[in-house]
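The following pair of complexes shares a single chain, chain A, combined with chain B in the former and chain C in the latter.
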Partner chain A sequence: MAKTKHSPQAKLVGTAALFTLSGFALLALKNLDVQTALMALVVPIAFIIVCTLIPKLFPADRLLLTLVNFLCVLGIMVLYRISPEKGMTQAVNYGFGVIFMIVCMLIIRHMHRLKALVWLAAATAVVLMLLPLAIGKEVNGAQAWISIVGVNFQPSEIVKVVLLIVVAYFLSKRRILIAISYAGVCLALLMLQKDLGTALLYYAVTLSMLFASTGSFALLGGGLAGGAAAGMLGYSMFSHVKRRVAIWRDPWFDYNGAGYQVVQSLIAIVNGGLTGVGLGVGNTHVIPAHDTDFIFSVILNEFGAIFGICVVFIYVMIFLRGIAISLRCNHRFHALMALGGSLFIAFQAFVIIGGNIKMIPLTGVTLPFVSYGGSSLLSSLGIIGILQGIESINEDHIAADAMMATIGDEV
Partner chain B sequence: MKLLRKNIGMIAAVMTILILSLIAYGTYSVSTQGNRWFASGANTYIRQMKRDVIAGDIYDRNGIVLATTDAEGKRIYQEDAGARRAVVHVIGDTANNVGYGVESFMSNYLYGFSASYFQKLAHALRGEKMHGSNVTLSIDSNLSNYVASIFPAGKKGAVVVMNYATGELMSLQSFPSFDPNNITENVKTDPLQPFWNNATRWTSAPGSTFKIITLAAALKNIPGAVDKSFECSGELPVMDSIVRDAGNASHGRLSLKRAFAQSCNVTFANIALQMGDERLKEAARLFGTGDYFLFQDIVVEDSAYPTAGRSDKELAWTGVGQSALQMTPLHMTMIAGSIAYDGVMMEPRILQRAVTGNGEITAQMTPKHYLQPLDKTTADLICDYMVEAVRSGTGSRANVSGHRIAGKTGTAEIDGQEQSNAWFVGFIDEPQYPYAVCVVVMEGGGGGSVAAPIAGKIFSAITGASTSK
Partner chain C sequence: MPRETYELTAMFMRYWFVFLGLVITLRAFRWLVNDRRSYQRTLAALPDAGLIGEVVDLNTGASFPLPREGIISGRSYADIRLKKLKYQSIAFQFVENKGVRLSGHGRNRSMLLEGEPLRRNQYALHGSRFVLPPYELRFRLFAGLDVPQRRPAELARREVHAEPMTPEEAVWPPIDVYADDYAYDPVLDATWPYAPGMDDAFTDARNYENDPLPEPRGDPEIYDGWGNTNGED
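Now for the complex of A and B:
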């Protein structure tokens, strides 16, 4: 696709950069410091570079790339507004995330040489998942975090990327039992970590991949029944699950105690109204976990419901771009991986936004690309790297086909 | 590959619908419950706004100032302590001890949250404090004072007076009351819980006033019920319990109309048993029991028909308004109102209008139909029965000579209470006085002897006051 001077792509990147610039400029006026003013320049420029440079290196899906990066810089902006230190850290995370995304793109592009590594990656992932149980610490009722040389991270986030590759690989080789067993082991480890939000994601994504690969409604029904049984078991086994469900049913019953989080989230949403109270002037500090679980409520509060609906549509578009990539694939392996990756992002966004607006019980997962946290940003961008890698292979195939067609014409 | 693509397409469709349902659910829940979340005491944003905005005034329907703001920004209520106490549960207080009073539930008007951005900007540029809208309520302050003066001192209870043709609430009172200007430790620790609004947020078994619903169910489900005669021997054994009549009376052979007027438990328990649980439950549902009340102006606790352990014994007791029924005094008023208004139940309203500082009207009350639980013919018939109950039945002490008063008494026995809760619901069956009334005196004794006389005085006040104009 040749880039013209005023392509829709360039306009989109320009508009998003302008949005980021004005947002940070507003924060600079509020904070009156040099750092914020610098951010108002650096962040939009970094955004433009990432959005225009990567497609020059590989044939990538530009719309997908732009939307994802927009959500990332939106996250940096909102986090910077909540606390400049967190915003700066997230900006650094973003830098690492982009590198990881490129690495994942390269891995997928050259996967045919790395097939032996699938088993190794699978084993490494299991070891990683065992670590929190051995040396982890408990956060919000889940034992899912480890600390290595002073860096905290959540192995289950990084394992998402591995799981995607491993499950898609075995399903594409029709070795369904291995795929199910591997996903089962990962799920069991997550249950042991009591990280039920992430377990729900893994479960939904692998079940969908399984169904897509086999088309068997019997397997789908069995999987759903098994999930329901596991859910019931989780409900009766873990007190914090029971509490979450009770809060979901009526957060107002104990609005200063157990229901406080959800109640403050709902209040923040209605305070924002359609157009929001404005960046930097909302009462965001009263919303608990405003940088992670409830960042969407902060966005609704300060930017308003119309903008919030746009953010939901951005997730829909990201998802559908991923599905489009999946549908263009020539290999089952790539198609399944692209499907799983798109689902990871979309389902995670659904679960946490649904929890914020009290549509479903709250599960502590992050809002992809936006929430504070290196592990989460890294894994989400890694998944996008996988999607982009597959897209680049698709483009190569299309180019090759076109070449063949021209040769045919000449003959 | 083809099959795989088809499956991917299916999954994509499901996931897309899931995400889009977020928007549908969010829009629905904010539009139906958003004002409740906003007005909650947990909203720190309102507290913040209160410092920057001069709150609007609150008037009663006749223009009496119920609340205003002085030069220092302090909230001033009526001068007379009795008058302050009579409307405090409607108005609420600045500290939000009363949940969902007008002070918090109407804060979007009072604190100008509904003002446009240009208005807000203009005020910010001029450096003035913004003025919230003035709000006029349907409440009648003088009538409320009068009601408070005749309610038995020291008793817990509630009184509701509602215009059944428009839904406007004239008086909505909870006892004991308190003075918003003088909230002492005693008030906060009083076991009778003066902050709690018993009229809207206290639910209990309504005793024999529920027979209105049992009667409506019987007229619908038992053919020829009007002409049937019933035998009352004074007691009806059901399983391990015996349904008795008040004072162990035995009514002998009597018509349905007399059974209603005499509030015969044996007959109505029999009717409930004859119909079965489903039909009685359905009748209660038609009157709004089990509804999720999401009224525009007022927060009302939901009423509930019991569902656990439905044996014949429970059913028989439900038919006479006992067992685990949960109804609020306001809901019982609405039920009586629907009998009076040809079977149409109006949504209760409190806000008549909101006017900004510039005289712009931002809200204006329009009556809203809430439900139609029964047709006009059945409503007229039940109305006749209720008139009979007041003329020559248990509700005789609510009667006002020269007027057509309808009503039903209730004496609800509650486990663990020494005395019964006294109930009366009724209305004036005259188009020029379209008012329904509910009186509850908790641990007050008999509905006919304690609640009905209070209702009678309110009916006299309404009709007398209006005729003297």
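Now for the complex of A and C:
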């Protein structure tokens, strides 16, 4: 009998769905409630539907979709383990995020007249960034949140997507000064909000896109020098920056005070060992911000270092896939957008994972797709939607090139 | 479930999760590598993928692959690098149904397209000559691209300056009206200043910046000149 050959997507989706089913089934044994048992069925099914149905309805990169969705359901599972309410909220956010991803994909694919839209989006983004300064509330030292109809919302996360499109557009049109000025305005507003982690991301991505667009080492050097100067200025101006650098150098000098967060994270990581203590067994509640900034420490504690390395590899593969999409583009605008989107995901993951394991000073950014937070999940999936839209355009161009190549054959 | 029982179960299950994590990572990596190889095979079968033609330096004969969009400049980052260009830089972009749009030249009058100073957002077609001092370039576009046919520079010049044309000159491409197999098409073969009852728009002097070029003729093997395709009435 002939052996049925399964597609790579079927194997990967099947394995990931099995992982999710196993995790929620184990949590159901712990909680012994109907809700968790239902989640054990609903979440894997939703995962399979999203990974298999979306590519059938819309042109999508299946590998990217599967990896991103796996991280999303991993985040839902870990958050559900921390708190069922947060897990359910994250599941709802995931639903909205998938819709936003499809919307971004369709916008990129079908947007033909960019000029008016880009200026409108740029202006709207600046207004959104001003809102926290006007009506926002301070959380963990940063005035980056606003509350609309009882829903807390971080505008800088949505502006991240807009910044990507606007900067890529102006760089593709060789309007370098406008691109730099716009990014500078956004950075200045973030500095006023004291959201330095997001400012670092904006700066790194904009500088990388600028260098990719121009190839100018002079601009790169100038940008790095400016960044270093801004960093030193921030260090001298903001006391919490000084504190974070001091904690990074030696968290044990004040392990019960300022260094408590990092110390607990390190203890949790070491306690997990290579294979973890087991899902639902660890003392994750002793880590402050264990659902947002330190969720990676929770993963390392309960699933182990080997699994943590696998998660890091998945982020690396998402980044490499994004770079591949960028390299396949025929249009400069799409190439820059794909590059910027990939860099956003990669830098953000690097910064927060590095902060968790004390490789770099801790910053207040979230782990993409995994951390608790609607704004973060929405913006990350929006960026993936942009990548998907660009890849669908790339595939159209390849198909057109293939057809054009056959025209000569007919003659 | 008692806490101890659950802890034992979870401790057994952690190896299962690590195993699945490794399988997921390895399968994803394998898929990534195989997909990349497949893409490289596709590109190897399509050596002109991403290109729409070439630009030929008429002085030296050197040819440069022409991508869908890019910059012609002397800088290292240029898509078509012409080393003798010092400060000039032209952006080009292929637009379906129109040709290769040239822009970004500012008020530089030394750049000529088809013998005329390059105007804003002008389109180069297959065979168009483009003078970018000290280079003289010619655009060659692949067959199969949906672009209008190029008009000789002299005809274009006379149209822009509203000089009267003879009936034979007004028809493009030139047709041997005395050939035995020639079939006169009242729509396609009409000479606009002379054909009675034609739309007024065709009698005005052509303005290249606003009016698109007319639709190219169909393939004569398929199109019999009467507005019909072979085999149809």
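As a working rule, the second predicted complex is superposed on the first by the 402 of 411 C-alpha atoms of A that agree within 3 Å, B and C clash if a C-alpha of one lies under 4 Å from a C-alpha of the other, contacts with A are read in each partner's own complex, and residues count from 1 in each chain.
One rule holds for everything that comes next: a residue touches a chain if its C-beta (ideal position, glycine included) is under 8 Å from a C-beta of that chain, and two chains touch if they have at least 3 such contacts.
This one's a predicted model, so the numbers in the text were calculated from it and none came from an experiment.
**Q** Give one word, clash or fit, describing how chain B and chain C relate on chain A after superposing.
**A** fit
**Q** Does the superposition put A:Phe303 against chain B (first), chain C (second), both, or neither?
**A** After superposition on chain A, A:Phe303 lies in contact with chain C alone.
**Q** Specify the angle subtended at the CA centre of chain A by the CA centres of chain B and chain C, expressed in degrees to the nearest 10.
**A** So the C-alpha centres give an angle of 130 degrees.
**Q** Give one of first, second, both or neither to describe whether A:Gly215 is in contact with chain B, with chain C, with both, or with none.
**A** Touch status of A:Gly215: both partners.
**Q** I'd like to know which partner A:Leu12 touches here: chain B for first, chain C for second, both or neither.
**A** After superposing on A, A:Leu12 lies in contact with chain C but is clear of chain B.
**Q** Where does A:Leu320 make contact in the superposed view: on chain B (first), on chain C (second), on both, or on neither?
**A** Both partners, chain B and chain C.
**Q** Touching A:Tyr255 in the superposition: chain B (first), chain C (second), both, neither?
**A** So A:Tyr255 only meets chain B here.
**Q** Tell me the contact category for A:Ala402 with respect to chain B and chain C: first, second, both or neither.
**A** Only chain C; A:Ala402 stays clear of chain B.
**Q** What is the contact status of A:Arg332 with respect to chain B (first) and chain C (second): first, second, both, or neither?
**A** both
**Q** State the minimum pairwise Cα distance, in Å, between chain B and chain C in the overlaid complexes.
**A** Least C-alpha distance: 5 Å.
**Q** Intersection of chain A residues contacting chain B with those contacting chain C?
**A** Comparing the two interfaces on chain A, one with chain B and one with chain C, the shared residues are 215, 275, 277, 320, 330, 332.
**Q** Could you list, by residue number, the parts of chain B that touch chain A in their complex?
**A** 1, 3-9, 11-12, 15-16, 18-23, 25-26, 29-30, 34-35, 37-38, 40-45, 48, 117
**Q** Which residues, counting only chain A, touch chain B once they are in their complex?
**A** Contact set of chain A toward chain B: 208, 211-213, 215, 252, 255-256, 260, 263-264, 266-267, 269-271, 275, 277, 283, 286, 305, 308-309, 312, 315-316, 319-320, 323, 326-327, 330, 332, 335-336, 339, 342-343, 346-347, 349-350, 353-354, 357-359.
**Q** Can you list the chain C residues touching chain A in their complex?
**A** Within the complex, chain C contacts chain A at residues 1, 6-7, 9-11, 13-18, 20-25, 27-32, 34-36, 39, 42, 45-46, 48-50, 67-71, 75-77, 91, 104, 142-145.
**Q** Within the complex, which stretch of chain A touches chain C?
**A** Residues 8-9, 11-12, 15-16, 18-19, 22-23, 26, 29-30, 32, 63, 66-67, 70, 174, 214-216, 275-281, 302-304, 306-307, 310-311, 313-314, 317, 320-321, 324, 328, 330-332, 397-398, 401-405, 407-408, 411 of chain A touch chain C in their complex.
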